[in-house]
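Each of the next two complexes has subunit A plus one more chain, namely subunit B in the first and subunit C in the second.
Let's look at the complex of A and B:
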């Protein structure tokens, strides 16, 4: 389980990668990862390439991130979700709220 | 006692020849009976057993039969002279040193030289005094004893060396089994490995991440040989297990560092570079702690990026935060090539002492370089440069090519259910009392068991979700009695998390029973999950609608479970949830839209 953050050279995009299980335990770590960047209003990329599982609290955390990043004006992309993880996002209709790729 | 042990015990030191224990044996060959008698008397007096011969041929026979410790030869004898006899005796003695002393009335220098040429060890001209003979014999015996000691030591050394070689062979075998050869043999990798000693201090490993990325680890222990090789064992274990379980580079680096800190003696550490080519071949992620710059080459553009060492070598205290700060990410284009190499490459010395150097290496990578020739050119150049000079350090280099091969589906990894249907006809139950509820997250445990029971990989996320949601519901609302509407805002989420932690730490009663099993129903495999809690039940109004609006941060879990499962039913006043999930026959259904 781990969260890594990378900021693009121009500061416009913050990429947060989540490895292993994405669940309630990551709540504070994830918040620490994105909150410092909120004032600059960057785009966020949530990289789930290395995410094995996620549960509904992970979905909740993503919703909160989206709200804080500007709600309907937020630019939050979810990238790299594999098989089952992608299916869960689709079942939850997250494609309506985030750009899934 | 064997002859060997006798000679060893004699070898322990030069003995006082007046009291040799046990008695040494001397062979005297002389055709004049009077000479023989005189010598026999003198030598007996010195404590020798004396054997005599009348000419060279008899001397050889007696030597073979008696194996004396010292030989005294007359030069001029009938049938065979002393020179020929000496040559034969030296041949027969083989590696054992038997001193030969020539005795003759001839005094020409020519004769002295011939005695030595024939293999004689010393020369005494007649007439001689008893004390001179005694001194010569004593001196020769010192040589003999010294020689015997050396022989015994050489034999010991040979034994040690043979055992060491055998141990090294075993160690090399163990190491070679640990390093997974098939991952290193991937078609987009080229590898040069040239250890300075039998065990390399360089460690090169490759593994695929769960998402299909390719992760390369190049490590260089301080020192080489056995001490360095020992450290390779835990490092490889951590690298392979953590990489396959999806751990990212900073955490991997941090784990290896902690392990090495715990086991390595001070002063031994591991300079390392970890590089990952993502499964879409669009990004390189690199961490470098103490390895020379890894180079990214782009056809037509030359060197476009160097991953410099920005971290501490492993074993010196690397935290995950530091490791993520020093992580480098680079966009990759098709055809890009990455070179990672140990310092043995740039510090390779020519016979004159000049080093190969970074600059010389980079000269092979101008924009115009033919990409597929770079690696072999560098390898050839390294060999030529070294010439006959001794290689002092391990030399390791790997080329990683973004050639599109990661985009191909992996043939081995994905277990399709057609080949391996899940095991069925079983059920296990996990009962968790308060102490277990406080301390144990049952989900990794349950998922571990399910993997063992050949659950198709493509179904893992769905099943994880079902178990996670039912368990969380039972714990949060059944046992801890929390209200999830708190979770609506970021602070609320944090608050809820805190409340949950507090409540969980205080749990002193309550029980959650989780049962999981797979049954077969015609062509279908059904996973049945039951989660029962000791609480007072919770509201379970159908909540499929919760997924449609999707604005709230909570209330999504059970809706997802209901969506995924054939049926979800609640009994016993909401304290027992049962979900039945059909394990899909083909992974296509899980992947498709």
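Let's look at the complex of A and C:
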């Protein structure tokens, strides 16, 4: 499992890619990945293309990220989720909080 | 009905013209009796068939009602039938189960979020405690330097002799203050360490809570959703088959109705039989008489062929007037058919 962060040239979008298992073990790494960017209020893209599994604490982490990034005003997109992961996100009603693609 | 086969009986040997008349008369009578029996049998049988068809109709009606109620039970999605508190429709069961599971999933996500936030906050506090420890160390360094200064001041005051004695008292007090400050710093350091230890324990507990994978709740909802969808499919297929069965029941009912109305042939057949009987009633005595007289024509009281011709013509017109009023309705398809 790994977390990689990429910032767009204009600094407006921060893309965080998560590979392998997305679970509690990543909570501090993920926090360290997005917290430094929060002051600029960028849009976030969570890339789950390489995510094999996503557990309930990962859902909590994504909600905290959204809250920190501005709550209802936050721009957080989740993309590339595989079928199993996507199903979990859908059942948790994440389609209402994030843009899923 | 045994009479109708007496023609073949051996005692019917014809020996004189009177025998011919007798046999003729007997056979007419037998035919009349047979017709009457036929009429009765027809009437009885049709009555029984009517009764049977009516029972069939009522049973088919019950069956159709049953099928329709089952279809309604399986269908009622939006109507109020399931909301009266006594019955629970399948669809409502599905909706309610889905809602309960969704609440459970929402709760799991909320718990996960809250416990992770706690982990973050405790982690932040732990870092702040580290900073306090740094400040305490700084305070201790200052106190140590102050002690050193006080020592230097004591040495310098001793060298100054008599004039430095007052200063020595001040240096002693400063040293005491530095020691007190150090004591406080140590206490603060100990308290902070102890607080950090407690906080680490709390962090461990909350991490255990936050890291517990509650995804099974989400998986459960996914599985139950799939099962409910399968149930709904099965339900729908049962419903459509029941509807088909109800359709068959309606067709059977129509068929039975047709059969019942067809039983009215008994009316017409009965009238025709009655007409035949009347023809016989008119025909038998007169033709017997005619036959008797024509057979006896060689003897006294015999009839000439002209007389026979006149008698026959009169008979024909009498029969015509007796039967003309009957069976105006000659076919079942004409006229309105009343159900039994």
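Simple rule for what comes next: the second predicted complex is superposed on the first by the 101 of 101 C-alpha atoms of A that agree within 3 Å, B and C clash if a C-alpha of one lies under 4 Å from a C-alpha of the other, contacts with A are read in each partner's own complex, and residues count from 1 in each chain.
Everything below uses one rule, namely that a residue touches a chain if its C-beta (ideal position, glycine included) is under 8 Å from a C-beta of that chain, and two chains touch if they have at least 3 such contacts.
Keep in mind that this is a model prediction, so the values were computed, not measured.
Novice: Give one word, clash or fit, describing how subunit B and subunit C relate on subunit A after superposing.
Specialist: In the superposition, subunit B runs into subunit C.
Novice: Go through the superposed model and pick first if A:24 touches only subunit B, second if only subunit C, both, or neither.
Specialist: Touch partners of A:24: subunit B and subunit C.
Novice: More subunit A residues touched by subunit B or by subunit C?
Specialist: So, of the two partners, B touches more residues of subunit A.
Novice: Applying the touch criterion given at the start, work out whether A:64 contacts subunit B, subunit C, both or neither, answering first, second, both or neither.
Specialist: both
Novice: Contact-wise, after the overlay, does A:85 reach subunit B, subunit C, both or neither (first, second, both, neither)?
Specialist: In the superposition, A:85 contacts subunit B only.
Novice: By the touch definition at the top of the document, which applies to A:55: first (subunit B), second (subunit C), both, or neither?
Specialist: It touches subunit B and subunit C both.
Novice: For the combined three-chain arrangement, which segment of subunit B clashes with subunit C: 41-49, 221-229, 383-391 or 563-571?
Specialist: Clashes with subunit C appear only in stretch 563-571.
Novice: Counting contacts the way the document defines them, which residues of subunit A are shared by the two interfaces, the one with subunit B and the one with subunit C?
Specialist: 23-24, 27-28, 31, 54-57, 59-61, 63-64, 87-88, 91-93
Novice: Can you name the residues of subunit A that touch subunit B in the complex?
Specialist: Residue positions touching the partner: 2, 4-6, 15, 17, 19-21, 23-24, 27-28, 31, 49-57, 59-61, 63-64, 67-68, 80, 82-88, 90-94, 96-97.
Novice: Which residues, counting only subunit B, touch subunit A once they are in their complex?
Specialist: Residues 209-211, 213, 245-251, 278-280, 320, 324, 327, 329, 443-444, 447, 457-462, 464-465, 468-469, 472, 487, 489-490, 493-494, 497, 500, 547-548, 550-554, 556-557, 560, 563-564, 587, 590-591, 593 of subunit B touch subunit A in their complex.
Novice: Quick one: which bits of subunit C touch subunit A in the complex? Just the residue numbers, please.
Specialist: Of all residues in subunit C, those touching subunit A are 102, 105-106, 108-109, 111-117, 119-120, 123, 207, 210-211, 213-215, 217-219, 221-222, 225.
Novice: Within their complex, state which residues of subunit A touch subunit C.
Specialist: Going through subunit A, the ones touching subunit C are 23-25, 27-28, 31, 54-57, 59-61, 63-64, 87-88, 91-93.
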